[in-house]
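What follows is a pair of complexes built around chain A, which joins chain B in one and chain C in the other.
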Partner chain A sequence: MKETVQNLEETYKHILKMFLHQKSEHGLYEAQQFSKVLLEHQVSPEELISVHREVLEELFPTIAEEVLDSLDLLLEVMMGYGMAYREHQSLRDRQLELESEIEVAANMQQTLLPKEIPSIGSLDIGVISVPAAKMSGDYYHYIKDDNQSVGVAIADIIGKGVPAALCMSMIKYAMDSLPEQRLQPAALLENLNRVVEQNIDDNMFITMMYGSYDSRTHEFHYSGAGHEPGFFYFAKHDQFEELFAKGIALGVSRDAKFREYSRKIETGDLIVFLSDGVTESRIGDRFIDREEIIGLIRNYMHLSAQEVVESVYYELAKLQDFQLKDDFTLMIIRREV
Partner chain B sequence: MNLSIRYENKADVVVLYVAGEIDAYTAPKLREELIPLAEKGNNVKVDLSDVQYIDSTGLGVFIGALKATDANNSRLTLVGMSQRVQRLFTITGLDEVMAIEEEEGSK
Partner chain C sequence: MKTQSCVEVKNEWGIVAARQAGRSLSKEIGFGSVDQARITTAISELSRNIYLYAKRGEICLEVVEKPSKIGVKKGLRIIAQDQGPGIPDIRQVMVDGFTTSGGMGAGLPGVKRLMDEFTIDSEAGEGTVIKATKWLR
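And now, the complex of A and B:
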């Protein structure tokens, strides 16, 4: 280290000498480059002034005493800057540390989401989930049972970022530990609600929509806990309808009861689940309205379910300059045969 | 976006006039005003006539306040919601557990 400092002194001496001699642009450029090297070696401003003083003394043995004294004064003044710089350096290191920690957490969070979409002969399922920041408060889940039924859940944890992400793991584990009620939406939500109500902060809540598709009868049974309505698309009438299940959000009141709804799904029909990050997309000062989302789905409806959700996401993200304000999750289930 | 909160002590009720947007940034301010009132056993009315937007964090404040009123025998009433705000309470099912009045003093 001492050697490098000495080298730096030599280099600076060289640059200064050349500059005083030639007064060229090139000398200034060299000085600029040299300041980067100084930062790299964490040389403080006051250290450089002290070097400058030494070099001057060496180059001009007859230099006025006042000039050198004035550099001593400048050195004192620069000490504050040096301290601020070191503080900045340590904050930057800490920030990098935090960022890499969040990166690890975000990767862990990804493992809470299903790794693959279940394949059920008659269904085409597509999903996209994109967090506004690194960590997401949106959650989705599939459960396939032995009777050719598939359960689908979408949940939105209040807020976003790290607190929401922590809460999401609770939902995941609670759902995993409820094997028996799996495919009865209302009972599932009642169970989850009790877990959430006991474990959640007073200001928090979770909204969820859960549905179970019976691929033998093609009936879709669903219940909702305060979740943003999705859509049905009925091919026969070429019409979209709101998919809403009234019920209170999870975590608000302990003994909440949930209603169960059911719809018959025909070939070509769609079931659309979404989070409010889709419907609350803001374009400038304006919120996008639900009709516009229907329009987007309609535009891409001839594609596979996965391509539809990806295309709709792309269009909405583009309208917001790819700066999502809220976590975005969109899921589409289509009956193919 | 800012949030302004103004009090009015009436005969048997404290009215909180809230104006602006209630989101993740402004929610703590509302929480600081609202929760202590609910915990003191006050009869609290929140006038939302000048609130254009509430996000889920904002809703959380009202849920926290509702739980505080249940625990402290106080009462929380919300009045003057815009259509957009009302929709949020309807979707989340909070309209079934909270006292919501259409217009200030209409009850």
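And now, the complex of A and C:
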């Protein structure tokens, strides 16, 4: 370290000498580049002034005492900048530390999401979930049972970042430990609501949509807890309809009851679940409207479910310059045969 | 060899006197101009804290020594003590960005970075003792 500081002093002396001799822009350019080297070696402002003073004394042995004294004053003035500089360094180190901690947490969070999409003969399922920051407040889950039924859940933890992420693990374990009511969405939400209500802070709550697809009867039963409505697409009439389920968000009231809805799904029909990060995509200063989302889905509907969600995400992200304001989750289920 | 000299701090004159004492002693020990300025700035910040929060207290300076590879290493220790209100939450004041007097990089973490060693003892209602040492390189 001492060695490098000595080298820096020599380099600075050289740069100063050359500049005083030639007074060229090239000399100034070298000085500007040199300041980057100083920062790289974490040389603080007061140190450079001390170097400058020594070099001046060496180059001009007859320099006026007052000039050197004035540099002592300058050095003292720069102490504050030096302290601010060192604080900046320590804050930056702290930030890197926090970022790597969050990185680890975000990786752990990813493991809470299902590793693969369940394969049910008659269904084509696609999903994409992208956090706005590192940690996500969106969650989705699949439950496949022995009777060829598949349960799909999408949830949005109100609030973002780390607190929301911590909450997500609770939802996952609560769902994993639920008994065999998998076919009954309303009962499932009531159960979850009790867990959530008892375990989370008053100012946090969770919206959720849960549906169960029976691949023997091709009926889709679903219930919602204050969640952003999704869509149905009915191929027969080539029409989109809102997938809405009335219900209060989880964690608000202890004895919440949920209504159960049911729709018959035909070949070529789509079920679309989404989080409000999709509908609240912002283009300039306006929100995208639901019709536009339908339009986007339509554009890609001929592709596989996974390709549709990925394409819709890409289009919406592009419209926002790839800077998401909210966590984005989109899930599409298509009946194939 | 342990000489200690103390300066009373109860106004800005005291702060200047403490700075002056620190600068002379650090020069005498053989610190370079940058380290002299750092030691003086640390004294300045510590005595301002005394003046602002405890109203009065003292800054004591001593020459310290410790064995090292090249014989004996010399250093300067600042002891800032007061019987003021004390610091209720020391952890909080040792965090960057927490400063009641304004200004970036200042405060106790700033002082700690100016020096090589730093210890603080404080009890609410009893007062504060801060010891900070800089070693000659």
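To be clear about the criterion, the second predicted complex is superposed on the first by the 336 of 337 C-alpha atoms of A that agree within 3 Å, B and C clash if a C-alpha of one lies under 4 Å from a C-alpha of the other, contacts with A are read in each partner's own complex, and residues count from 1 in each chain.
What we mean here is this: contacts are C-beta pairs under 8 Å (C-beta built on N, C-alpha and C of every residue); 3 or more make two chains touch, one makes a residue touch a chain.
The structure displayed is predicted, hence computed values, not measured ones.
After superposition onto chain A, partners chain B and chain C are found to sit side by side with no clash. In the overlay built on the shared chain, the residue A:R86 is in contact with chain C alone; chain B does not reach it. In the superposition on chain A, A:H227 makes contact with chain B only, not with chain C.
When the two structures are aligned on the shared chain, A:K246 is found in touch with chain B, with no touch to chain C. Seen from the CA centre of chain A, the centres of chain B and chain C span an angle of about 90°, rounded to a multiple of 10.
Within the superposed three-chain model, A:I158 lies in touch with chain B and out of touch with chain C [touch as defined at top].
Of the two partner chains, chain C is the only one touched by A:E47; chain B is not.
Between chain B and chain C, B touches the greater number of residues of chain A. In the superposition on chain A, contact is made by A:M204 with chain B only, not with chain C. Shortest separation of chain B and chain C in the overlay equals 22 Å (C-alpha atoms, whole Å). Applying the stated touch rule to the two superposed structures, the chain B and chain C interfaces on chain A have no residue in common. Note for the complex: chain B touches chain A at residues 24, 31, 55-57, 59-61, 63-64, 66-68, 91-94, 96-97. Residues 156, 158-160, 202-205, 207, 225-229, 244, 246-249, 251-253, 276, 280, 326 of chain A are the ones that touch chain B when the two sit in their complex.
Of all the residues in chain A, the ones that touch chain C in their complex are 2, 46-47, 50, 53, 72, 75-76, 79-80, 82-88, 90-91, 94. Residues of chain C that touch chain A in their complex: 32-34, 37-38, 40-41, 96-97, 103-106, 109-110, 113-114, 137.
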